[in-house]
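Structure provided below as structure tokens; questions to follow.
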Amino acid sequence: MKKVLVLHGPNLNLLGSREPDVYGHQTLADIDNMLKAAAGKEGAELESLQSNHEGVLIDRLHQTLVDNTLGVLINPGGLTHSSVALRDAIAALKIPVVEVHLSNIHAREPFRQHSYIAPVAAGQVSGFGATSYLLALQGLLATLNKSNCS
Amino acid sequence: MKKVLVLHGPNLNLLGSREPDVYGHQTLADIDNMLKAAAGKEGAELESLQSNHEGVLIDRLHQTLVDNTLGVLINPGGLTHSSVALRDAIAALKIPVVEVHLSNIHAREPFRQHSYIAPVAAGQVSGFGATSYLLALQGLLATLNKSNCS
Amino acid sequence: MKKVLVLHGPNLNLLGSREPDVYGHQTLADIDNMLKAAAGKEGAELESLQSNHEGVLIDRLHQTLVDNTLGVLINPGGLTHSSVALRDAIAALKIPVVEVHLSNIHAREPFRQHSYIAPVAAGQVSGFGATSYLLALQGLLATLNKSNCS
Amino acid sequence: MKKVLVLHGPNLNLLGSREPDVYGHQTLADIDNMLKAAAGKEGAELESLQSNHEGVLIDRLHQTLVDNTLGVLINPGGLTHSSVALRDAIAALKIPVVEVHLSNIHAREPFRQHSYIAPVAAGQVSGFGATSYLLALQGLLATLNKSNCS
Amino acid sequence: MKKVLVLHGPNLNLLGSREPDVYGHQTLADIDNMLKAAAGKEGAELESLQSNHEGVLIDRLHQTLVDNTLGVLINPGGLTHSSVALRDAIAALKIPVVEVHLSNIHAREPFRQHSYIAPVAAGQVSGFGATSYLLALQGLLATLNKSNCS
Amino acid sequence: MKKVLVLHGPNLNLLGSREPDVYGHQTLADIDNMLKAAAGKEGAELESLQSNHEGVLIDRLHQTLVDNTLGVLINPGGLTHSSVALRDAIAALKIPVVEVHLSNIHAREPFRQHSYIAPVAAGQVSGFGATSYLLALQGLLATLNKSNCS
Amino acid sequence: MKKVLVLHGPNLNLLGSREPDVYGHQTLADIDNMLKAAAGKEGAELESLQSNHEGVLIDRLHQTLVDNTLGVLINPGGLTHSSVALRDAIAALKIPVVEVHLSNIHAREPFRQHSYIAPVAAGQVSGFGATSYLLALQGLLATLNKSNCS
Amino acid sequence: MKKVLVLHGPNLNLLGSREPDVYGHQTLADIDNMLKAAAGKEGAELESLQSNHEGVLIDRLHQTLVDNTLGVLINPGGLTHSSVALRDAIAALKIPVVEVHLSNIHAREPFRQHSYIAPVAAGQVSGFGATSYLLALQGLLATLNKSNCS
Amino acid sequence: MKKVLVLHGPNLNLLGSREPDVYGHQTLADIDNMLKAAAGKEGAELESLQSNHEGVLIDRLHQTLVDNTLGVLINPGGLTHSSVALRDAIAALKIPVVEVHLSNIHAREPFRQHSYIAPVAAGQVSGFGATSYLLALQGLLATLNKSNCS
Amino acid sequence: MKKVLVLHGPNLNLLGSREPDVYGHQTLADIDNMLKAAAGKEGAELESLQSNHEGVLIDRLHQTLVDNTLGVLINPGGLTHSSVALRDAIAALKIPVVEVHLSNIHAREPFRQHSYIAPVAAGQVSGFGATSYLLALQGLLATLNKSNCS
Amino acid sequence: MKKVLVLHGPNLNLLGSREPDVYGHQTLADIDNMLKAAAGKEGAELESLQSNHEGVLIDRLHQTLVDNTLGVLINPGGLTHSSVALRDAIAALKIPVVEVHLSNIHAREPFRQHSYIAPVAAGQVSGFGATSYLLALQGLLATLNKSNCS
Amino acid sequence: MKKVLVLHGPNLNLLGSREPDVYGHQTLADIDNMLKAAAGKEGAELESLQSNHEGVLIDRLHQTLVDNTLGVLINPGGLTHSSVALRDAIAALKIPVVEVHLSNIHAREPFRQHSYIAPVAAGQVSGFGATSYLLALQGLLATLNKSNCS
């Protein structure tokens, strides 16, 4: 069975409570459930982890090297703009990693327009709220299918 | 019926012939047909235009003000990084515009990492090849549904 | 009879409909009529052209070399900040060109504070809405009178 | 009666003697007289002050808070590019302030292309020599009329 | 009872041992005791945490959303200049957060002059050694009183 | 008796009238009275001066070399970001100078994030409105006590 | 027969009339005739197009994919410094493209020293007036011969 | 007995599996064993720690203040380029710290050319693969001998 | 008789008292007397003015237009690096102005390496303490002699 | 007889041996012979010098002032991007100097895109391998003929 | 027999006399003797050259192409930060070149943090005084052994 | 007897022939003779060297360590802006070195405004033509006298 990992970076545990007009009313649990349902329909198993600790996210990414994960969705939160170590962890994997953002990061502060993650990600989806995750999941599955076929 | 416009910017007419290992083997007609089929399933009508002329793209965007278009997908090609006029045209519309890129523009030359379009777009999808357009269409439809409901 | 050309760049055809609280309720036709009346009082004939195409604007500027135009008002819209070709076209003329902006471009995004046009223009007027054009016309006529006398 | 203040910044007292081919032969007194005549026709009273002292200019701007001045024309001279304090003084007023420059500052040294004043001014006029002041006065009066009517 | 949280970032556990001529001879325990005494006089309860882990600091900030904390003092240490995630955690809270630094960070290396935290903090105090914390506590309490009254 | 000087830079005379939602309703006289009362309790005499003239502020700082002033509070206003001469005047004194700002300057325009004064000040307090001055006074007195004791 | 395309960008139609001391007295027709003669001697057919429209130039470049053109000379004029779309069009071709400039662009304004075209061109010739085109033609033919032989 | 600490930063646990053509086939355990053998020959005891957590590395560095460690080798991985807190931890120690990199970081992405660690390190060795560690160990021991003698 | 003006900018009145190891023990009066004696030997009259007010310095420079001054020595102090208005005042004069600095400004903070004055000065002397003024005076007199002769 | 000097800068002596896929298989002697033959056909004498010493190249350029050289071809190698002294030597000559590069320097490292030489050269040719020299020679001869005729 | 070249760049001949507290008391002869002894133990012959002439260093590097040198140690001194020609010479060799610095260049002036040499060197050692050379020699020999084996 | 060295950098041998309106009609021999005469009057012996070779200038500076030279005048020409090695050579000397420029380098190209030499020079004189050298000599002698006395 296809196994997909979803990683939520710092502060995403606050979803639903924090600035709902910007980030929507859905909690992270809502999003994970929605993703699991969607993944299930495509015959994929989905595991989710949120952490405010850069090191925990990196450790979990490394685990994919030994647990048959086929692809990763990651919303790196603020680490997007500051973590070279997270970038290196992604670059070290051999599976596709898709970068997700709820909001349009390009319409915010200038420092949010630079992403350390983007150059080592397979693709990006941003600006569609919780739907960003759904689209990213489909993009990831399409990427996996394509490489399976070729 | 929901009407969606797809705009393809400069050089995208070459799709399928140009650097297939980067951009894939699908032609622009293939992509448009795929999108029309997908839109049809969602009860939406889709119109497509490719142009190498900045002015033609702007003129077409303006037309949406009078032809009931509900949303736009745009792959601005090289104009992404140089056209303030295209940005202004998008900002002048009242309907959501989603930015699409076939390749991961963040993994290419530094000047491709700045987008004049992103800050005025509703969302972005990039890096999934032709699938980027499909995901963007779904993102656009989800955005339209959300605003219809609220 | 003095002949004056007014060029309106990309997106200015939307005037009156687009963000009226920023740009006012007057349409471009209103402005052109206002300018023609004002020019008429000063014994000048005024011709106006709007285009979203950089090339059309350049072609029209070149025509002034053979049609007795004595001066130009130009609101280059978004091309102000990106078009070297438009700048070169203006620099190639021997008649004065005045740069006009409806809004105070200096109070907007940072990239709007650089103008490729300003260094080759005779003068600039910005921030007075439709009145900017009227003041620019007077400035142009004063410039023409001054060079006639000397 | 409408009262308008004209402020001339550092070195403008030299007008007429200093680089006449750049700044023209008119003295500051000539310009003030021309402006007073023009203001009179519009039923406005005009007061003028030149100073080479940043503090004197700021003090005078503050006075407008208590002396019924309805608008200000200011040519900040070299302070345009260096004085945050002057900018703050203008931002603290509730009346429109129009920025004036005799020459086309964008065609000179690079440091002259940044204006601390422009973002807090209602509008700018530059490049028309002494006529810049006349156009700025009309722009100011138009601005005042518009806000009176609405 | 008013509850205040004090967060000390990386390396502040070394206080008293590390470069005493720069940071003084007081240990972190000394400072916490001093702060508790001062808070007690104002009828406020004070809890303190030091960590060298960005994630631990963020987790603790999130807890304030459910434990009735009314305000936070934070000395983010080196994270001041590099952590977008910490900034986002502070921005997500609804209570005032005051930034504290023992030394005058502006008189040190250039990279210490940029703070990711400052734009989302209610205020800053720096340069007074251990006294910086005392002043920040008073500033925080004054801020809380003010918002209680209004 | 301890003598303390309080210097208020350009535009601070407008306090109370100018943007009260940003700067509060207290006038500069209110603040000075509050500071004098606070200083009196600590056995210190306080003298205050506001000026919109850089030179007047520098002259007054120089006077402290001969009038037994033990420390200075300064809110340099807009000069914070532009005056090297004011910085040099402070650097030339042998007594501590504390920099005060009413608002959080780091949450405003980018050019306000650079302070010429900070590197030569003993400490900074910003963001607490009129309370910033009170905290700065206490910080200054603590600094003076510390150097008296050692 | 070898077929070569010569593209002249914006404003080059003015050659001969515009600033003859900088660009020489030859018109574009003179240059094209000179090039055709030179090409004919080498057994090559030469077609020429001038346009002020970025899109027209891109469309024409695309045509070379189906019309047996073996190489291109392009003087992109002001688009050299601003057009990513033109660069992408050149990069998409499989034939050599040589960049030509009449004047020494490095001795002019700083923004003219950056070329979007140069990194995707086979070579550059600049500074020799109309002769630049002749040298570029020879360089192109030499490049074609070399790749034919190997 | 001399005690030396070796710290391996984020992602170095993957050594041997990750991009062997860049980083070689040796695992981290291989390197640690090699280092322990080399240290033993010099009469030094060596302890090693790898962590993907910035905070764990800082905590361990602090422990050297109380456990008789005489020197540290550190390969900070991606934290080299982003962690001010790690830099501060090193600067707070009184023992020499040597920075090690397996690859030539200067031949990679531009952001890898800035090191927050280098200015507070005693020396650097980079580019020799696993041998970098051996050379760094010798450099550290030489540094310790020198300071013992003087 | 040749008349020379010496202008001393902000903070130079403190000379002799302020940081004598950097600026020497001579007071400004000592320097002026030394300069007057030296000027007298060359048959020149010397007038001196120190001010901490930018405006006073500009006013005095303007006066040279009507009082037969043949040349100026100026040590602009901190205004060197921030005053466009002072630069404009110097540029407006027709007599040579020599820039003097006591210390080697290039060996201090980076912002002191940019001089607004240098490009409009006839020459500069810096780094020789009070002797800088003497050398500058000789340089000025040599410049005056040269232009008298030619 | 026309005399032309060809200067080859640092490392060009290695031509033919060094990276033949980039620079071709021709040695510098091959190129010089090719150039001499071409020059002979045009009735010009050609002298060639290669040196890895900046000073030797400058000395040789100075000699042209006394040895009837009519023009220079120079491939400054790495000095292109670092030598102000070489630029000054070229600027001091009264004869045309043409800059030559074998490879397309604009398609290499960013620091190779800045040329100190270009602004003082008559023209540039780059990207055609050894043919670059031949084209440059023709460009130089054309330049010399033109100035002879006029 | 393995042959190794050691190149010392500008000013290194002064070692031992110049700033001994920074560079140590050993002369260059001491270092060369130490290196020769160390090389001898490893069965390698070592030749050394110091020069203040960029060209001499480049010439000597070229010679390694014909004299069986297997590897190079280079301390480029000040040329590290300014010589593109030296970089090109190193890049043209096929043998490994190791960059050595006595002091920690990253703890000095900002311009010393950029090395033109590092990207084309096999590795770097810096900060260990004369020991830097010894470690670099070992690194070079290890590199040579590795490539011999594989 | 006091011994002074005068070093003239690249291209200064051309003085008198090169751009006389900028650099004057005096040859370098004229200047050296003038300097020797002036030095003689002060009881100082003067030796002069011009070279276009960076290495020769550095070698000569090193010789002053063993030949009793008491001070150096240097006009580094173009090396001022590019040579770190020359800067290091000057920094290694224990005698004062004065930087001289004939023209006002601050009124020329932007890259001429940065001097590697200035921060390690005792003082600078520029802009007075040949007189710059005379003033620099006097400044050097004054510096030597001062250090002799103290």
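Every chain is named by a letter (A, B, C, D, E, F, G, H, I, J, K and L) in the order it is written, and numbering of its residues begins at 1.
Methods note: a contact is a pair of C-beta atoms (placed from the backbone, for glycine too) under 8 Å apart; a residue touches a chain by one contact, two chains touch by 3 or more.
What you are looking at is a predicted structure, and each value in this text was computed from that prediction instead of being measured.
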For this session: Could you name all chains that are in contact with subunit D and with subunit L at the same time?
Result: I
Exercise. How many steps does it take, at the fewest, to get from subunit C to subunit G if each step moves to a chain that touches the one before?
Worked result: 1
Problem set entry | Counterpart interface for C-G, drawn from G-J, C-D or B-C and sharing over half of its contact pairs | B-C
Problem set entry | Homomeric contact subunit G-subunit J: same or different residue positions, threshold half | same
Exercise. To bring subunit G onto subunit H by a C-alpha fit, how many degrees must it turn, rounded to the nearest 5?
Worked result: 120
Problem set entry | Gap in Å, rounded to a whole number, between the CA centres of subunit F and subunit B | 55
Problem set entry | Approximate Å spacing (C-alpha centroids) for the pair subunit I, subunit K | 48
For this session: Indicate the whole-number Å distance between the mean C-alpha point of subunit E and the mean C-alpha point of subunit F.
Result: 23
For this session: Could you give the separation in Å between the centres of subunit D and subunit H, each centre being the mean of its C-alpha atoms?
Result: 63
For this session: Find every residue in subunit D that makes contact with two or more other chains and list them.
Result: 53-56, 82
For this session: Could you run through all the chain pairs that touch each other?
Result: A-B, A-E, A-H, B-C, B-G, C-D, C-G, D-F, D-I, E-F, E-H, F-I, G-J, H-K, I-L, J-K, J-L, K-L
For this session: Within their complex, state which residues of subunit L touch subunit I.
Result: 98, 104, 106-107, 113-115, 118-129, 131-132, 134-135, 138-139, 142-143, 146
Problem set entry | subunit K contact footprint on subunit J (complex, rising order) | 9-11, 13-14, 17-19, 51-56, 77-82, 111-112
For this session: In the complex, go through subunit I and note every residue touching subunit D.
Result: 53-56, 58-59, 62, 65, 82-89, 92, 116
